[in-house]
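First the structure, then my questions, so here it is.
The letters A, B and C name the chains in turn, as written, and every chain counts its residues from 1.
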Amino acid sequence: MTRDSPANFMDGAIPAGLLATVRSKRPLIHHITNGVTINDCANITICTGAAPVMAEAPEEVAEMVAAAGALVLNIGTLSATQVEAMLAAGRRANELGIPVVLDPVGVGATRFRTETAQRILDTLDVAVLKGNAGEIGVLAGTGGSVRGVDSGGIAGDPVETARECARLTGTVVSMTGAVDVVTDDRRVFLVGNGNPAMDRLSGTGCMASSVTAAFVAVADDYAVASAAALAALGRAGERAALEARGPYSFRTALFDELAGLTPDDLTGHARIEER
Amino acid sequence: MTRDSPANFMDGAIPAGLLATVRSKRPLIHHITNGVTINDCANITICTGAAPVMAEAPEEVAEMVAAAGALVLNIGTLSATQVEAMLAAGRRANELGIPVVLDPVGVGATRFRTETAQRILDTLDVAVLKGNAGEIGVLAGTGGSVRGVDSGGIAGDPVETARECARLTGTVVSMTGAVDVVTDDRRVFLVGNGNPAMDRLSGTGCMASSVTAAFVAVADDYAVASAAALAALGRAGERAALEARGPYSFRTALFDELAGLTPDDLTGHARIEER
Amino acid sequence: MTRDSPANFMDGAIPAGLLATVRSKRPLIHHITNGVTINDCANITICTGAAPVMAEAPEEVAEMVAAAGALVLNIGTLSATQVEAMLAAGRRANELGIPVVLDPVGVGATRFRTETAQRILDTLDVAVLKGNAGEIGVLAGTGGSVRGVDSGGIAGDPVETARECARLTGTVVSMTGAVDVVTDDRRVFLVGNGNPAMDRLSGTGCMASSVTAAFVAVADDYAVASAAALAALGRAGERAALEARGPYSFRTALFDELAGLTPDDLTGHARIEER
């Protein structure tokens, strides 16, 4: 299944190839994550084709991460002990060249979250910073509001906000929204896949970080991998919305559809525009 | 859709109006809750029409709660650090006039739980105390038994037990059961909505606290809001039972039905008797 | 529903009778478990017919376990505080003759997990040690590899590995896989029920420990009870696979099917071979 795409659309075979690679390599994704969506993250990682492991004891994280293909740090239900574990795991990941995906959940809502996200960005080499618009706006320093863990919007243009954040942090920024913006400052990818039902479910943001980590674990180009991951999850969401009667049957369908998503379907339906 | 109700039945338009208000105001509900049902609580809050945030680090709870419309304290998987966080968040909520909903999960099963629930009630101004019959019986001091986190029954009359607990604690007591009893001592509301399938699923009690908090966040009369919340969740349970093949498909349907519950349906089907 | 079984197959009436006993006695199952699958464990315990309680504060575990029919210790997301709680609860369980089920999740993946599992086995009288092949191989000392929390395979024969582990630890070993091996060294039971879909879902291993604990709580023969538990969960998995469209609809069906599993169905379809 293919589609004629205008020149500025990424060839769907690229995300499809990465999905196939995730499934053949089945990378281990080490998560230090929040207690709300930890089960969602484990299962979405499996549905993507990778293998999850959750471990956050300072006693073991440096050892566990050494076996991983990527590390997810998600600050959704942060504690002081978790910060310690995140830094220890992240330092070891950096030493070994294992990419780190940071999900700064709720940054801006409290000083503890803001200072922790900043400390992680200052201390570690973060490969991908995945957040909603408000979170990215806060970290870009260009103005962003966060209410609990939800985006309250940003002051300026989404693409410029994401690029400024990428420049400031030296990471690939993956900013989710109605249209996702992925950028390493130099390049900008807009991902059009997805469905509004994903916003009416707890945990889709966290899931996006897990899927991103699975793709980043098998790719050299983290911006392309991040855009591909959001296209894959978004495409599963599009298919799931056709079957759902409400947010929880949507959830069931989302996991089923991602697990069943074929590279062929993604080739035909990924909507990644390079701007 | 309306229904002729005898004089002692609350007009269904009252809970329906509160549900509509939750959805238009979308209050932020700060939870310090247990690890078993934390995801259920986040999703049921969204399905009600409110926005959940879970945060329990002592470093941030006082700041987080300041943005919330209500605070849920649930002692289902208690730790010493959580107690500290609950008291800090609760004190700040009290200063700001933000209502606190306490779910004393498993009180009576261990001294740690009993002493913590008592300490919270002694230290904080709790708006609503939501528990099963055994838990309320323990806190009323009239005799109640708790096995793990399940009610083992009470010694006396349910309504009198709930009223005694309300008098003793100065809270609105919301006691769930086959018929729920909500009372501020002066008034007694009996809520007849619900389905036995709700008892064969982990977390429905915790969900009831989250839904209660969403309603309490937009109402001045906490007793009416608590009864309305149980009617809404119970009505979703009645509808879900028609579709379910077992406890997990019931769970999926429960969330879907609450998210899709219309004020009109609640107007016609809320069964709240004032005694 | 019955089936003609060759002489070395356990009479299906035995697991069926234990299932019926779980449902009539409804034992309380105290879990100190991981944060990833804690909700799955609570709900699968209810679906089996028992009552779950999760409590891990060192302040309360010895008191909570005294009311339980069995104790599950699962090291999937271990912390130092949890180790302390596991030992305190386990010692009290041992004093009271309450069986302890240990799930050494990820043992071998980090020193912290390996040392903790070993410390629990050295300190406590563990009734059943339930793990995947890699985990049991590690604890048998015969060679096993563990990647994150997944089995990476074992060096030798599965039955001999399980028997060696049983000899070394003095426990009933319940080793899950395509065919499960349950042994107290003297006897070996092979359980053929199950479906590969169970491997594509997070938490089925943890669920197996919860179901095992429910059966062990009502039986004197822990090896027979462990085999019966795996047959019951596996049979639910076989039925669920017929309805599922993917891993998450399989999950829904698995819980529904276990809750609806009749002793008659299990009598006819349990596949437990004594070798």
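Going forward, a contact is a pair of C-beta atoms (placed from the backbone, for glycine too) under 8 Å apart; a residue touches a chain by one contact, two chains touch by 3 or more.
None of these values were measured; they are calculated from a predicted model.
Both copies, chain A and chain B, contribute mostly unmatched positions to the interface they share, with under half of the numbers common to the two. Summary of the copy comparison: rotating chain B onto chain C for the best CA superposition needs 120 degrees, to the nearest 5. Centres computed as Cα averages put chain A at a distance of 34 Å from chain B.
Annotation for chain A: residues 35, 39, 251-252 touch two or more other chains.
Considering their complex, residues 34-37, 39-40, 76-80, 106, 109-113, 147-150, 200-203, 245-249, 251-252 of chain A touch chain B. Residues 28, 30, 35, 38-39, 42-43, 46-47, 51-57, 59-60, 63-64, 67-68, 81, 251-257, 259-260 of chain B are the ones that touch chain A when the two sit in their complex.
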